[in-house]
Each structure stands twice: as C-alpha cells, then as structure tokens.
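Read from first to last, the chains carry the letters A, B and C; within each, the first residue is number 1.
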Amino acid sequence: MIDFLQLIVSGTATGACYALAALGFTLLWQASGTINFALGEMVMLPAFIMLFFIGPAGLPLPLAFAATLLVSLLVLGLGFKRLVVDPMLKHGVIPLVIATLGLSIAMKQGVRIAFSAQVFTFPAIFSQELLSIGGARLSVSDLGTVIVAGGLVVALQTFLNRTLTGRAMQAVAQNRDAATVLGINVQRMVLYAFLINAALAATTALLVTPVYLAKFDMGDTLGLKAFYAAIIGGFNQSRGALLGGVLVGVLENLVGAYLSPGYKDGVALVLFLAVILFKPEGLLGKPEERKV
Amino acid sequence: MTRLWQAALLLFALVAIYLLPGTLKNYGVYIVTLWSVYVIAGMGLNLTVGYAGQISLGQAAFWGIGAYTTAIALKAGLPFFAALPLSAALCFGVGLLLGFPALRVQHHYLAFATLGFNVLVFLAFRNEDWLTGGTFGINNIPRPILFGWRLRAPLDFFHLTWIATVVMGALMALLLRSPWGRAFAALRDNPIRAESVGIDTTFYTLLAFAIGAAYAGVAGAFFAPLVGFIEPAPFAVTTSLSMLLMVIAGGSGRLFGPAIGAIVVVLLPEWLRFAAEWYLAIFGVLIVVMMVWLPGGLLSIPDRLRAARVLK
Amino acid sequence: MTALLNVRDMRKDYGAIRAVDGVSFSVDAGEILGVIGPNGSGKTTLFNAILGQVTPSAGAVTFEGQSVTGIKPLHLARLGIGRTFQTLQVFGQLSVRDNLIAAGQEFGGSTWRRLFAAPDAGLGARADDMIALFRIGHVAHLPAGSLSYGQQKLVDIAMAFMSRPRLVLLDEPCAGVNPALIDQLTDLLRQVNQQTGATFIVIEHNMDFVMNLCARVICMAQGRILAEGAPASVQANPAVLEAYLGS
C-alpha cells in the first residue's frame, strides 16, 4: 500500500512533465495545425543550452534558465515558426510532419556533435531529501515537480480563459476566418502559441533533466509520451493534456511495478489505441464533426 | 517522349541496375541490395500514403513481421519460397487489422495510431524471447536455395532481390492501372464524394493498408537472409519514419517515387560519410530544406520546371 | 403508380435548433422537382438527411417502395440515387475522364472482378459520351482540380450521371456558374431527363433556372414547406415573397 502511494506520486511527477510537453503540442496544433514531431528535441535542446550556460559560461542556475528561456523563445518559438512552419503550412500535413522529423534528426545529431553522446548530470532544482508522510517516503523533487507543473498548467488555463489575449488565441484556434473578421491579429496569436510552446519546453527541460539526465536522444521517449498524453486527454482541450499526461505517468509506474517492466513503454500505446477506437476525440475532448 | 522511348529507357535502367553491382565490392553490393529491399517496402507504403491518402508510420513493423516470419520459417527448415508468401500473407492480415483505426480517425490521429502500432510490435520483438530471441535476435539465417543452388554470393542474392523488386513493381503498376487504382485515388482525393458515387471507402481503406503491409512483408522476407542476423533495432519507429520520408522525398503518388526516395534514405547517408559525424545532422537539415522547397518530392521537379516555363 | 421517392415527416435537430421540421413530399418517376427557399431554410439539411449524410431525427424515406431511411450514402448510391454537392466535390488529382469513370465503375459486377477488369472498367465510351454531352472535351485529360469553377461544376454534375441513376439530387448546380453556362446546363439536364427518364430534385436560388426546368416547385422556410405547386403559382404566392423579403 505504501509502495503504491510512492508509485502514484512519482508517476504523477513524470506524468506532469509529459503533460507540460503535451500542452505545448496541443497549443501548436490548435493554433496552426502543426504536428510537431520535434517536440522531444525541443525539450532536449534547452537542457543542453542550460548546461552550456552553467558550465562554460559559468552562470548560476536561475540566470542560466532565464538565458535559456530567451534563446528558446527566439529559436524554438520565432525561428521555428518563421523558417519551417510558415513556408510549409499551405502544403498540408504530411510535408510538415516530415520536415519536423528532419528537424528532430538535425537537432539530435547537432547536439551529439557539440556535446558528444555522453550522459550529463544536471544540477538538482529541488532538495534530494525524502519526506516521510504516514510511513510513505515521498521525494521532495517529485512533489516539487508536480507543484511547479500543476501551477503552470493552471496559470496557462487562466491565461487562455480569463485574459483578452488568451481568448483571442482560443478564437483563432476554433475558427480562423471568424477571428479575422472580428479583427483579431491571427498571425500574432499563432506566434504567441509558438512562444508559449517554446517556454513550456524550456521549463520541462528544467524539471525533467535533473531526474532523467541530459543525453542527445533524451527527447525520443519524452516526445512520444507527450503525443500520446495529448491524444488520450483530448487534442482540442488543454485540460486534456494534463489528464492524459498524469494518467500515462501513473499507469506506467504501476504496470512496470506489478505487471511487466518490459511492456512499461507499451502502456501509453494501449491507452491511446483504446481511446482512438472508442473515443477518438479524447477523454476530455469535444468531438469534431466530419465536414461535408 | 513517345511511349516506346519511355519503355526502352525503363528497360535499359532495369538491366543496368541488374548489371551495375557486378563492378562493386561486397559492401557496395550489400548497400544496393538494401536499397532494393527498401524499394519494395516503399512501393507498398506509397500505395497506402501516396495513392490511398492514408498516413502510416508503421511500415517498419510490417517489415519486421516479414523478416521475423521468414527467419523463423527458414530456421525451422522451410524453403525460402514458402516463407516468402507466408510473410506476405501474415502482413496482409495484420495490415487489414491496422486499417480499422483508419476508418475511425484521420490525419494526425492515424499517424499516431500507426506509430503506436509500430512501437507495440517493436516491444513484442524485444520481449517475446521464446519466439524472437529478444534483444539477442535470430542469427545464422540461411540464404535461399534456387534450383539447388544456395545464393551465398552477395551478387547472386542481389540478382534475386532485384528481380523480385521488378516483379513487385510490375504488379503495383498493374494494380494502379486497374479500376482499383482509380478507386484508391478517389478515396485519397475526396472520401465523401467517393461514397456518394458508390465507392466502398471502408473496403478500399482496409485494402490500402493490407496490400501496403504485404509489400513490406515481402521486403522483410528478403531483408532477413540479406543480413543473416536480425534483432529488433532495425524495425523501430525511426525506420518507419525513414520509409515515409522515402515516399515523400521521391514523390508520393508516383510509381517511381520510392525508387528515387530510397536513394535519398539508403544511399545518401553513405555518400555523406565523408562528412563523418556530421552526416546525420546534414541529412536532417537537408530534409527540412527539401520539404520547404520541394514538398512534392524529387519527381515533381520536371512538373515544377514546366510550370515555371509556362509562367514565363 | 407509386411515387419514386417518398419523404414523410422528416425532421432533423441540431441540439435545440430544428433545421428540418416535419417535411413531407413525394416525387414521381421522370419528374423534375425544384426546391427553393431563403438561406438557412433547411434545404441542404433536408438533402443530407434524405441522402444519409446526416441521420434524421425522425421521419421516413422510401425509394421505389423500399424504406431507405438513414441508409448510408454508399448504399443509396448503389440503389440508384446520385447527387451533387453545393461545394465543389471532384477528385482533384484525377483527370476529368478518370473522375467520370471513377463515378461509374463501382456499379455492377463484383469488386474482386474489377481488379482484373480493363483499366477503364469498360466505361471509356460512356465517359467520352458524357464528356461530349457536357462539352468538356478540351479539358478531359487535365486534373479536375486544375479546372475553373464552372468547369469543375460541370464535371461534378456529369459524375452524378455516370452510373445512370434513377434519381439525382442536385444541390445548387448554378451557384458560381456564369449565365451562359446556366442556359447550357438547363438544356443538358432537360436532355438527360428526356433521354434516360431520370428524376431530378434540384435545390436552386436562380429563379429563371427553376422556372425553365422544373414542373413543380417546393418552397421551404424555417425548416417547413411553405408552398408547393407549379413554379409560377409558387412564385406568386405572397407567403413565399414574404419569406424571402423577411429574411
């Protein structure tokens, strides 16, 4: 029972990180119809940029994070939109899928060349202590991750639902033409989505890397899990990403501990296949009618 | 160019490719054979993606199912020419099943459904030791025997593979010319209109996956004896992505697209080896650049030039 | 003689909105029926409900005495009901000729037999006749998606006739088509109607076209049938006039 609680908490922490990445993914999809296969690498790259700022540049962690955030916004937000997505959107979904795949290869291999294929440790942002609550030993870093990620999701929700800009972004996601007629600057709203995605990716890197360590291919699994989390929860709902992420994280831990460690990575897939067969719009998603 | 000229050119190219590897060293022959195997798998994927318009990121799983089926069958003493149809038939059946999600969802959902399928199959290859040998894989897979002659020499095996590729290509061309080919294209261009003119989109969607998968099964059946040793790694999602890239880079919905695309995926990395560790990074950047500038693939270049001339 | 198509008490709700509200009518074999009414009066929803594109909330449809309520578009097509769409719906990358053959090839014979059939499925001559009839010979080998709007519209309509359907539902065939072509279209449809005995139901805003082509007209407003009868009498009906002006 106590093990069970620990598994749940650490699973929630992992899941919260999936959720953060997934959130960026859904935002991009809603705003511009971009399926970003370089999602995992967009978390990996900031991790290494941060390592650079901490190591060779000698900055303290908070400053290094701030600098990384800035670089991410410029490169993964603005640059990604202007140089890759914008020229390709008119050609439909598949070329963009391939292009983001190419991007992920280029980013991965670029980092491998610059930093080697080694595994790098990353400074912890939370204390490494274990808290004893009612006999269960919970790690501070797990709890901290859940709190930071949860806080970010809530903040983003509030931004999207309560502020004028957030609502304008939602309007663009729902109906571009109508949004244009209403005088919303569609391109700017889409850019915001890309910037938020970049910021979320940088933050995910900060939360994930101390635990999973930095390696050039660290984005592979993370990216996949985030996709599945997004679809399981509901592609067109930001809350869905959170539910999907946590569900995947917790169930993975449970399956790994009680059923078969070999199929731990299959959990997200089975959940995902069940969802698309029985509720394709996702657990919290709204169905999209097939257009005639 | 007249039809006769086109046919002559094609025949010349097919024969040239048959003869050319005779001048290469063993590694070169291996690479060209691998290219040939990829072309078979790519033609299948081109049917699913390029003609029927169903995105699939699971082709490597079928490739793997074909390879493992043939490997296991050969180890059990079955002749290659029995293992080959077995691989194709098994993949056809599993491909039919993978078509069902496609009836419910499209685009990105389908991309992830097929991708998820690939990961599941990969996990099964890795974890089901009793059947697949797990991470150790299956080794000492024998080469086929043809008329009592075991095709041990790389060049002999290449010739068999290349003949199979040409036969599979001819079958694909016939399929695409038949009314079925038109129905696949109608499904891709406008599924709703297709239903309203009596085209059974359910049937054609399932078949697009099943036939595409059967091609991958055939490719797998040649891959296993080519390398002689199989393990899960080549059948991971990355390979499915390469195969999709191959179809798009060559020109999706064009018969010769996969052959050109396989050059990009199999041979280009070899040519970029002079760039040492940079080659994969360059490869990645090239893909992005190509998709930005040439989303229709390499075979769309003549059309693009013609269009440019008309505009002038 | 029983009616070819019989629609009884058709209703379609979208949430709280009742798009079609208890519509009944019937069409005799060989007839050309016009359906008019202001935008949002439920015409296209009525079509979609009859054609199985959406599931009707209530009501019954019979075709040649057989119940076809809620049957999928595919099976309706195979029973002999063709349609065109309000928006362009051609197979963009296929040539015009292939569009026509595609629209006819799945009728008759088994699907498996078709794998081994001639590439044109034996429909080449019929497609060429249709191309001549619709005067689109000069573009017959171009991809349908590259044609002008009006030409695509003609292809779209020609496709509906390839399977020799007994009933064709046309949703705004004149929308976006230039006036010269509209006269040609009127003649064409009349010609097909007389030659094959096919029955048409036509949704259209262009009054001249409806007056010229249709023997009987239904006017819809707010999901109901407002008036029914000969074109001239419906046009003169004050309620119809009010429905158009009031909206």
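Keep this in mind: a contact is a pair of C-beta atoms (placed from the backbone, for glycine too) under 8 Å apart; a residue touches a chain by one contact, two chains touch by 3 or more.
None of the values given here were measured: they were computed from a predicted structure.
Asks: Busiest chain-chain interface by contact pairs, anyone?
Replies: Top-ranked chain pair by contact count is A-B.
Asks: Which chain's centre, taken as the mean of its Cα atoms, is farthest from the centre of chain A?
Replies: Max centre-to-centre separation from chain A belongs to C.
Asks: So which chain ends up closest to the centre of the protein, judged by Cα positions averaged per chain?
Replies: B
Asks: As a quick test, compute the distance in whole Å between the mean CA positions of chain A and chain C.
Replies: Between these chains, centre-to-centre, one finds 48 Å.
Asks: Using Cα averages as centroids, what's the distance between chain A and chain B in whole Å?
Replies: Measuring from centre to centre gives 32 Å for this pair.
Asks: Taking the mean of the CA coordinates per chain, how far is chain B from chain C in Å?
Replies: 42
Asks: For chain B, which residues are shared contacts with two or more other chains?
Replies: Correct list: 192.
Asks: What are the residues of chain C that contact at least two other chains?
Replies: 53, 85
Asks: So which bits of chain A are touching at least two other chains?
Replies: 292
Asks: So in the complex, the part of chain B that touches chain A is made up of which residues?
Replies: Contact set of chain B toward chain A: 49, 55, 100-101, 104-105, 107-109, 111-113, 115-117, 119-120, 123, 126-127, 192, 237, 241, 244-245, 248-249, 252, 277-278, 280-281, 283-288, 290-292, 295.
Asks: Tell me, which parts of chain A touch chain B in their complex?
Replies: Against chain B, chain A makes touches at 29, 35, 83-84, 87-88, 91-99, 101-110, 112-113, 224, 227-228, 231, 235, 260, 262-263, 265-266, 268-270, 272-273, 276-277, 280, 290, 292.
Asks: Could you list, by residue number, the parts of chain C that touch chain B in their complex?
Replies: Within the complex, chain C contacts chain B at residues 51, 53, 72-74, 77-78, 82-83, 85, 89-94, 98, 101-107, 111, 114-117, 119, 121, 145, 159-160, 162-163.
Asks: Touching chain C in the complex: which residues of chain B?
Replies: 175, 177-180, 182-183, 185-186, 188-190, 192-201, 203, 253
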